[in-house]
Amino acid sequence: MVAVKSPLNDEALKIAGDALQGSLVDLIDLSLLAKQAHWNLTGRNFKVVHEHLDEIVALARSGQDDVAERAVAIGVNPDGRARTVADRTSLSQLEAGYLADDKVVAALTEVLAQIIARFRERITATDEADPVSQDLLISIAAQLEKQHWMFQAQV
Amino acid sequence: MVAVKSPLNDEALKIAGDALQGSLVDLIDLSLLAKQAHWNLTGRNFKVVHEHLDEIVALARSGQDDVAERAVAIGVNPDGRARTVADRTSLSQLEAGYLADDKVVAALTEVLAQIIARFRERITATDEADPVSQDLLISIAAQLEKQHWMFQAQV
Amino acid sequence: MVAVKSPLNDEALKIAGDALQGSLVDLIDLSLLAKQAHWNLTGRNFKVVHEHLDEIVALARSGQDDVAERAVAIGVNPDGRARTVADRTSLSQLEAGYLADDKVVAALTEVLAQIIARFRERITATDEADPVSQDLLISIAAQLEKQHWMFQAQV
Amino acid sequence: MVAVKSPLNDEALKIAGDALQGSLVDLIDLSLLAKQAHWNLTGRNFKVVHEHLDEIVALARSGQDDVAERAVAIGVNPDGRARTVADRTSLSQLEAGYLADDKVVAALTEVLAQIIARFRERITATDEADPVSQDLLISIAAQLEKQHWMFQAQV
Amino acid sequence: MVAVKSPLNDEALKIAGDALQGSLVDLIDLSLLAKQAHWNLTGRNFKVVHEHLDEIVALARSGQDDVAERAVAIGVNPDGRARTVADRTSLSQLEAGYLADDKVVAALTEVLAQIIARFRERITATDEADPVSQDLLISIAAQLEKQHWMFQAQV
Amino acid sequence: MVAVKSPLNDEALKIAGDALQGSLVDLIDLSLLAKQAHWNLTGRNFKVVHEHLDEIVALARSGQDDVAERAVAIGVNPDGRARTVADRTSLSQLEAGYLADDKVVAALTEVLAQIIARFRERITATDEADPVSQDLLISIAAQLEKQHWMFQAQV
Amino acid sequence: MVAVKSPLNDEALKIAGDALQGSLVDLIDLSLLAKQAHWNLTGRNFKVVHEHLDEIVALARSGQDDVAERAVAIGVNPDGRARTVADRTSLSQLEAGYLADDKVVAALTEVLAQIIARFRERITATDEADPVSQDLLISIAAQLEKQHWMFQAQV
Amino acid sequence: MVAVKSPLNDEALKIAGDALQGSLVDLIDLSLLAKQAHWNLTGRNFKVVHEHLDEIVALARSGQDDVAERAVAIGVNPDGRARTVADRTSLSQLEAGYLADDKVVAALTEVLAQIIARFRERITATDEADPVSQDLLISIAAQLEKQHWMFQAQV
Amino acid sequence: MVAVKSPLNDEALKIAGDALQGSLVDLIDLSLLAKQAHWNLTGRNFKVVHEHLDEIVALARSGQDDVAERAVAIGVNPDGRARTVADRTSLSQLEAGYLADDKVVAALTEVLAQIIARFRERITATDEADPVSQDLLISIAAQLEKQHWMFQAQV
Amino acid sequence: MVAVKSPLNDEALKIAGDALQGSLVDLIDLSLLAKQAHWNLTGRNFKVVHEHLDEIVALARSGQDDVAERAVAIGVNPDGRARTVADRTSLSQLEAGYLADDKVVAALTEVLAQIIARFRERITATDEADPVSQDLLISIAAQLEKQHWMFQAQV
Amino acid sequence: MVAVKSPLNDEALKIAGDALQGSLVDLIDLSLLAKQAHWNLTGRNFKVVHEHLDEIVALARSGQDDVAERAVAIGVNPDGRARTVADRTSLSQLEAGYLADDKVVAALTEVLAQIIARFRERITATDEADPVSQDLLISIAAQLEKQHWMFQAQV
Amino acid sequence: MVAVKSPLNDEALKIAGDALQGSLVDLIDLSLLAKQAHWNLTGRNFKVVHEHLDEIVALARSGQDDVAERAVAIGVNPDGRARTVADRTSLSQLEAGYLADDKVVAALTEVLAQIIARFRERITATDEADPVSQDLLISIAAQLEKQHWMFQAQV
């Protein structure tokens, strides 16, 4: 089986590959976590938050695909299997069972802030290594920061 | 926090709830597994299989949402968190790294067969307990069996 | 004037016809009741509940058409006239005048629970008599139970 | 619970409110009556009249929403409950059971003529009281008169 | 060449396979017959019946595809070749040449009644054997019975 | 440069022109004010009010274009420059910085009431002068009064 | 053959009927004239004016249909035959052969002004006779005056 | 003003130009005549024939544009003015006033037959002179003959 | 029952009618044959060929309708009944059961070549008899030859 | 009321906030100025420039929303009120009254050049401070420079 | 590698192949030339001509694909490589650098006339050889002649 | 004729201009080369590769337009004429005649790698000179690298 030939040198490849794989785990877990809240939500703001969470799912899913395909395009195999995500994620996890709307809003605000902090580091890290990957990370960060504001504004 | 009041009695609720939660884990892991193959695929049939896998992802994602919302609608909390999926899934897992197209086709054929066998059991189990949940499981099974045929036909 | 020739025998026809006519009255009154609340609503959650009620109206209207056309397709004349609905409905009615959002949410939760209980009985009743009508009742029940959960979750 | 503050003085409000509430009852009963005919129709022109009746339903339903929301916008609570419609409607009612196409065409022609006569009076009545409500009544009357012509042309 | 591995045991497979193959022949011949009438129609109701027949064609064509793909999905080869259809169909056939609209309406009413009777038997037969195939047959029967009413109503 | 030749006499032109120019300033400032609130909003109802405000912006922007193009069509130059709007607007202004959702709802209710009062006067004023301009003002007033009700209902 | 029963008395019918028939001739000839210019145009602004003329055609055609159907809806037979239009039109006619763009712009400005003057009279005439017809004439006049401005602005 | 330089020699231009100008008059008058019938129609088949006539209008209008633009593209000025159409048309004209549906069907059948006969001659005439114009005339003839069949089939 | 009056003389009618009826049988059998292969296909290229075959079905079905409606438009009754197609088709038939992808590609290449040869003859035959029918046959031949190339290219 | 917690440090926040607030004023005034010209335009190129100006309005409005939401997402309150825009804008202002097309083209070319110069400075300024905001400013600058070329090309 | 088997004999193949290959070179160069003008255009009519040129590009690109796929469908390999186009094109070439709008209009008029002359010859040449290819060339010629008129009209 | 005034200084202009012109030649030749392969392709994967190549064409064409319009927006005349492309391209060229699918996949992989290497250099070169042009080059490089991976994966 052929390996995809990378347009990057080894060092740049390592930096960009790590940034993309880390982003992949963040975004897959974000999508699972937002769906968990979407399903188990309760409270007076149920309908609005229920629908808002699906915007997060959509963002996280399209972001997943973009970072994973970017990884393989530069010659790094993305790993988005259930076990990998469960073991490597560093997002604060939700409890099982019903979730009150105000707690979900607070939890999403926190989780988005965690991911954003790591995206900011990855943007800095890839500046030299691969401006094409950096540009993708910037565009996802812009969306995450917009959603972070929207959740924070309703805390 | 209020629990959703179930239209089912306790026994029926247990049966239907187990069937739906089991389906949820199957379908989430199916979506992750199909994306993993979608990204790491190689081989002469790359383009076709790459796109075919996204049909599986779409089916698995819409199925997830339907079974999870059906669970909460009858008063059972669905659990689709990364840790839960990783620990409870019984699907054959993919290796990390590049995946040859013929192996992916064989793996999907096998994985779909595993899920279908469990859906068949759940359809039988829910016949008495909850015909509404059963009808949902039947409609998802129909799609899974159609995809199973399509992958099997190209082995 | 010709009567539509039924594919069912007389007993099955009676059972299925009663189930469908009963569902028709439930669904027409549900649509009128949800519109009444849609128009006279007040409260902080006005916008969300106002729009959510139109989803109920849409569900109830498409359900009406399906059960009524199913009735005539098996040779039973559906009756959805204003007088019939007013006289035969067993749904809890709304007061005239402004309606507070939390009371509307509670009222809809209650009304949906009433209709769902009757649909469950009709699904059991038609199992032998007419599986085609039963399948229609199951699909409407699935939507009603989903909406019931959504209203209940925000109580 | 707050009452909506009206942009109209009391006398104008009474006139416009009566015109809108009367129109609401007319239009709800028109929609129920057209659906009743839509379902129970027979005759050589079944297909065309069956579909034509749904244009009446669509017109009546969008008109209902507009007059009811206009009523509440000027501070009058619309009442579109089943009992209210059944008790206050002055439309000629349909028989139960199958309805021959030519009788339905004649019945609709008659019913539309009745409603149009009342809309003409309401348009005159609201000229001074509320030109905004009048403009809405004029636009609905235009559609009713167009449909009246179309049914009359096929008598 | 691989045979598709069936999720059903041999007996169930035989029952479901026969039901689906029989349905396939019915639906292909229905589509050919409706097109024949669509083209050779005459009479005052030409335009309406001409277009109505294309709804039958659309229903029959999408039904064909669904039953044939369901057959192969459970491991049975569907046979929809011209010779097979001509030899096995049991539908009343149309004369060559111009066809008057009232005769076509009567013929379609009759043909649909024949097919519906067989679908009702197949629904009963597959109840135990394969609820997934049964669900498909129920959904097609619902459409056929709706069309049967519509043609019968205009006789 | 040619002046557009007016279909109105001088007196009518003065009346209609003033009504349209006044409406233009109201609607431009309404769009700026609603955007200001859209961006700086906070509170539990953030998401709903944030999106509701964009409906106001859309209404105000399409209204602006209609009144300005109506003005020039009758031979009066509309003036919608920043300085003109800032100097001539009589709408209650918002504070800089974050804006709580309940205060925004109250502010919009008030601002819409102010504009509606002026539109009512302009509708009266243009009745004789220019029924074409009046009809435009009526249609915008209908939308403003609908929004006024919706904001007032959630105070 | 039945005559459509008018909702208007004889005098009002005469006034409204004349206004609508006059408008019909104006709008049919406007559409023919604009197409004539659309086809035979020359000059540096060919492309823009060529496309602009089709906006006039679209406006004139939808206006024709509206006034003619309004006429028959009130019981007056519209007459839009070629001979009628040719004999009764009072629009300034175009020469045969190529037409320079600046002359076309001037001609359209003039023709629109002629039609607008008559629409203004018809709006006044129908105010008492039939406010529903008047409202239609106002809405067409608004579009004609907008186009008149646009052509005049480029003279 | 420049004349468009023709790709044809003088003789061919004369033949093709005459064929196109003749077709233009036929198609404009067909559109006016079909609209006249569309508006003044009565009878049991009103709705179907009313809508069918608008298919003729659409066909005639798009045909007009194509033949006129083809004429000018080869350097011949099309003439579609009201006076020209009224004077040169050879179509059988409709009476003023109400038109019964069966008479309209017969009239359209006749009028289409007249136009088709002339298109057949023009197709023969342009075979040598201009195959590009011929191809356009063939495609319009195909549509006219299809409509001719449809009207004839319902006589 | 009226026969459709042909725009062709008897000899031309015979030639064009035979060409169209022959094409109808070819195209109906092509659609049945392509569906048979679509359902029973196996092999590594299953997915691509499976979907490609539906392009053939779509082409054959729209072609059927066009040639059959063209036949009746010139006064010849098309015959597309199952028995007629089975008896008169001259296409090479497929075996029952699974069909390997490379054999299907070869079979389609062969079948398309057979049909194309007959269309070429019909195009020549109708040149004098009916250029309108010829133009339709040319446009279908163009599509068949394009598909023939595409299948041949992958042999 | 909570302040949105910024992902930036204070210095970076100051730089990015100033860049975004400055851009907001530029873009709001650009939208008002382009609308002013859109409405008051005259000259032979009226239609083209009139429509071109609405492309500027669309660009400026979507840019406004993006920069203002970006500002609040990083914790800075955007200020887009009428008074703020009027006082802080540095764009060359338009005269009241009719505006000739060539002068408008020149004015827009000049105004766009002014804004572009400031965007270039802001892009440089935010390079270190906030690459996410910088990326937004770059994408808006790209559109502004494209429009600048298009206006300049027609001077 | 297999050659595509031609439905034409050798002589016909040579004639049709040459016609199609010649058309391919013409249409590729036309698309490149129109884009060159699209980008480098200046002058008062910049916006209109800039957009008009993209209609030429679209026409030329879809024409390219059609003639090239037609060539390979009859067994001739099309050659559309950069070197082939540059060496074989006989279109008048544009200068590098800015291009004034009136010169571009004149140049396009000239270039289209050149291509049309060759298409006319190819239409004649293929009449016997391949009526299917001829029909394609006629349809492209019709579009080219329409555009030729439009450019010529604005010279 | 006016030159477009650049927002860049001379040195930056030279760097950005060269990068954009070089990209233009690469992308035009890529589009011609991919079309050449699209047309002359053979082999078992014909259908998939044939369609995949059109994705390359679409990417290359939209990229062409963007880089050329970016060039002129900064004041540099793009040159995309056939002769320029043929003389300056450095892409490996395809042979004339049929092209086997595996060779085309290898050729595209190679050609994309060549272009990507040059885009990487241009991205570095424009970092200081013009971040707006750089951002465009990055976005095109991202798409080229994604396609490069997809072709390489199927080698």
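The letters A, B, C, D, E, F, G, H, I, J, K and L name the chains in turn, as written, and every chain counts its residues from 1.
Please note the rule applied: a residue touches a chain if its C-beta (ideal position, glycine included) is under 8 Å from a C-beta of that chain, and two chains touch if they have at least 3 such contacts.
Chain identities (UniProt): A, B, C, D, E, F, G, H, I, J, K, L = DNA starvation/stationary phase protection protein.
Every value quoted in this text rests on a predicted model; they were computed, and no experiment measured them.
Asks: Enter the minimum step count from chain B to chain I; a value of 1 means the two chains touch.
Replies: Minimum step count, chain B to chain I: 1.
Asks: Fit chain D onto chain G over the CA trace and report the rotation angle, somewhere between 0 and 180 degrees, nearest 5.
Replies: With C-alpha atoms aligned, the rotation comes to 120 degrees.
Asks: Between copies chain E and chain I, are the contact residues mostly the same numbers or mostly different, with half as the line?
Replies: On the two sides of the chain I and chain E interface, the residue numbers are mostly the same, over half being shared.
Asks: Out of D-G, A-L or I-L, find the interface that copies B-I, where copy means more than half of the contact pairs are identical.
Replies: Answer for B-I: the repeating interface is I-L.
Asks: If you average the CA atoms of chain E and of chain L, how many Å lie between those two points?
Replies: Inter-chain centre distance comes to 53 Å.
Asks: Distance from the CA centroid of chain B to that of chain E, rounded to the nearest Å?
Replies: About 32 Å separates the centre of chain B from that of chain E.
Asks: Would you please write down the residue numbers of chain D that are in contact with two or more other chains?
Replies: Within chain D, residues 2, 42-43, 45, 48, 69, 72, 135, 153 contact more than one other chain.
Asks: Return all touching chain pairs.
Replies: The set of touching chain pairs is A-B, A-C, A-F, A-J, A-L, B-C, B-E, B-I, B-L, C-D, C-E, C-F, D-E, D-F, D-G, D-H, E-H, E-I, F-G, F-J, G-H, G-J, G-K, H-I, H-K, I-K, I-L, J-K, J-L, K-L.
Asks: If we count contacts the way the header does, which residues on chain L are in touch with chain I in the complex?
Replies: Against chain I, the touching part of chain L is residues 41-48, 50.
Asks: Give the list of chain L residues in touch with chain J in this complex.
Replies: 2, 4-5, 7, 69-70, 72-74, 131-132, 135-136
Asks: What residues on chain G touch chain J, complex-wise?
Replies: It comes out as residues 45, 48-49, 52, 102, 150, 153-154.
Asks: Taking the touch rule as given, give the residues of chain F at its contact with chain D in the complex, in rising order.
Replies: Residue list for chain F touching chain D: 113, 116-117, 120, 123, 127, 134-135, 138-139, 141-142, 145-146, 148-149, 152-153, 155.
Asks: How about chain C: which of its residues touch chain D in the complex?
Replies: Interface residues on chain C, with respect to chain D: 1-3, 28-29, 32-33, 35-36, 39-40, 42-43, 61, 64-65, 68-69, 71-72, 77-83, 85-87, 89, 93-94, 96-98, 100.
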